[in-house]
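Per-chain numbering from 1; labels A, B and C assigned in written order.
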């Protein structure tokens, strides 16, 4: 870790802005969230379309850029249906909760270093507090309320199930996400977002080729790669994005918790999903990808990390992550719910804990002033413990799959009748005729018995 | 560290709330209102909605189980954070204590796992 | 950050608690790793070994007087004595819990989550192996109790309170027979216990507001200095007392006792009656004697009234009971009253007599519940009083044993009941609390009536069609019964050694 550079904001630098500066900052942060959302929807539709060799929206405005705006206006002008069975008040306010919380999370994202705005020296960040990352986590958990309340207040079965599902999903992945950040805190020694960005400033010299120094960036995404990967996966789960978009699995739950919503309320849910994506990308950039700091080749230019330029690097990284979100959505199919929960609870969670313990052990080990004998004792102890864990690890015997007859016998009384097992489906007479018409050359020859198989395939 | 650094968070919250409530409110005014009895029924999946049991109905106990597990591990995380932040100062002592803590939670975790608390089917 | 001071920890002094917590955790792992059929075989020896090891450490620490773990835990005479008592009583109760020969599958339900009356429930009632989770839960409860009596600040005490309460709530719901009653009992216990915990926590907050500290020594300084708002002190102390008296089952916080004692599996009832009571009074002693002796004149009248009320409620309502477990529950309430009399002496004799009473009562009550587990018919235990009529003819041995135990409850000489009552009344008399002694003697006479009624019923009525048989106890129950009866007799005839021990152990460290 290098020392704080001059343009690096510290915690003490926050909380002194005059009111007009605060106002400018929150408006800009708000515009950042909304703007990236509006563009993000367009971006996603275009990218997915290109990946599917379609043009995507290209009619409204240049390159179809205004499509999202028009969609929003259209949504606003649609009738807002309030179902008879709904809990009126909660149904009305639930969509706003998600959107508000997703936007609030942007308040602690560092967009850039200290700059001068109208002669006032301030950081390009709405604010920073000692528990900034916790605020992001809190916002993302509070956002769940919007979903579960919306599902519950709809007074309808599928929304209720969708809401519960997504709550179970989001809290499961919140555990994984929360644990993955522990390693970052451990390395950075702070929870403030600007502090975490500052602690990723240093890079170690990797190699020197012909006078050029190659630097490996001190990004936690590289140093703590397991944490980063876990965070990335749980960010998908947390934002309900494909392949984890189970709450809105239309094949199972219609539209999940949004089924009963229409008009702007429906759009607010969509909006909050995209804003959450933007804020998740931003926090990922902050925690793991060096925040607003430029990556290596750009840092050769000494002015890269000062002034207003970092805003550009930050935006670039966020857009890159947004692209990853879209890319994954276009590539991967949706998971089944039990696979999904298994991934969260049985893979990510123990992996996370093991990684934290390993990292802590290594750090303690490096920092301690032990005699070599004690060091070896500790190493031996760790190995023995690991062996013990491996030995006592609860293993599951594979259940023998019952044969077809057993499965049939195990069906409860009153099940639907089954056709006989050895039933041979006779080929459809129409199919036979169609094949016969196409085989004029064989007229008069013997009818082959395996013909029926082929005919069925062709029909 | 004064609390003034928290003010912008509340300000952004207020701005977001104003936006959300404004858009919901405006759509009430500009959107059309055409009464239709069938439209006000729950949509569900397009066919006749299933009857709603009194009190919102009951849902699988698995969700409660997940909620309890979440609370346990969330609390574990809450304890892990301060330790992680002051990790360098706590050193070996903190490390050993944290291992003990993680182990105890892990015992419960192993139990839940073995008893099928993490299975969804 | 760098001047972080780590508290010195005396691991030997904490060893009993650490061992029990470790054994409990191991028990959970056993539940996770060992096949169902063999879990009981592992759990029982594991639990007994853990308790014995803990007892060894308690004995090895005898004479220690220190505070450790940053003043959070005090290891002194009363703490060690109470820990030893809880462990020994826990061993005896664990024997009852481990008994499997009386009922196929043991006293616990196989799968508590099964709906009552379902097909699966009928199959488990027919003798499926019971839930072995009971053993780790018992170990957690006992470990929590050990911490509870040694806690030297209010927060540690609260944590310990929760640690031993939560397993007990669960254990109450595990009865194999009459599961609805059992679950109802557990829910009542849980809800009321949660309220009591909340009161306790609120009391901690107020006391912290008064004294600016939560360790008993600092609270004591603040109380003797007399600075600060009296309202905070009295309200805080009252709320603390509510939390503790709830666990001790003193009136008017006793309402859960009969229902829970009746609904819980009988071995668990014996554990609660013996160990929970010991732990609760241990903590109450420490709070009043270490934290608030400066306010003696303020709290004594109020807790005195509670003591009298407790004795009266226990004695009067015991008369009207028709269920054996409920009768024993009300008797336990009345005994809480006598214990309070000893506590309120506020002298060293008060401490030692209370300690003596706790041990004597614990053994007697476990033995009594052991007999209750034996009297059974096809539906499990036959606890209705009318069913016990004529039991003397059916099984003179167990009726005789039970008669002896009832006489001990009634305080007849040559039983531990007499010596222990004598000790607490003597201490209260020495402490100038004549009014409590008078109330105690009067209610004792009142309380003798229901006991004698049972005795008369057992011996002087003819056994009818419905009189249940007395099962032949298995080795575990026999051992528990023999230990309980022998100690009851021994402490009645030869109380000297234990009295000496309690007198030597009666000094708190501040």
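To be clear about the criterion, a residue touches a chain if its C-beta (ideal position, glycine included) is under 8 Å from a C-beta of that chain, and two chains touch if they have at least 3 such contacts.
This is a predicted model, so every value here is computed, not measured.
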Q: Give the identifier of the chain nearest to the protein's overall CA centre, each chain being represented by its own CA mean.
A: B
(Q) With contacts counted as C-beta pairs, which pair of chains has the highest total? (A) A-B
Q: Determine the centre-to-centre distance between chain A and chain C, using the mean Cα coordinates as centres, and give it in whole Å.
A: 52
Q.
I'd like to verify one number: the distance from the centre of chain B to the centre of chain C, where each centre is the average of its C-alpha atoms, in whole angstrom.
A. 40
Q.
Measuring centre to centre with CA averages, how many angstrom lie between chain A and chain B?
A. 15
**Q.** Sites on chain B at which at least two other chains make contact
**A.** 86, 88, 110, 113-114
Q) Which chain C residues reach two or more other chains? A) 29, 32-33
Q | Numbers and ranges of chain A residues touching at least 2 other chains | A | 394
Q: State the interface residues of chain A toward chain B in the complex, per the touch definition above.
A: 11-12, 14-17, 22-23, 25-27, 29-30, 75-86, 92, 95-96, 99-100, 103-104, 106-108, 126-130, 134-135, 152, 154-158, 160-161, 164, 167-168, 171-172, 174-175, 178-179, 182-183, 185-186, 189-191, 254, 259-260, 263-265, 268, 337-338, 341-342, 345-346, 349-350, 353, 356-357, 360-361, 363-364, 367-368, 394
Q) Which of the residues in chain B end up touching chain A in this complex? A) 1-9, 11-13, 15-17, 19-21, 23-24, 26-28, 30-34, 39-46, 49-50, 52, 56-57, 59, 62-63, 66-67, 69-70, 73-74, 77, 80-81, 84-88, 91-92, 95, 98-99, 102, 106, 109-110, 113-114, 118-121
**Q.** List of chain B residues in touch with chain C within their complex
**A.** 61, 86, 88-90, 93, 104, 107-108, 110-111, 113-115
Q) Quick one: in the complex, what on chain C touches chain B? A) 1-2, 4, 6, 25, 28-29, 31-33, 113
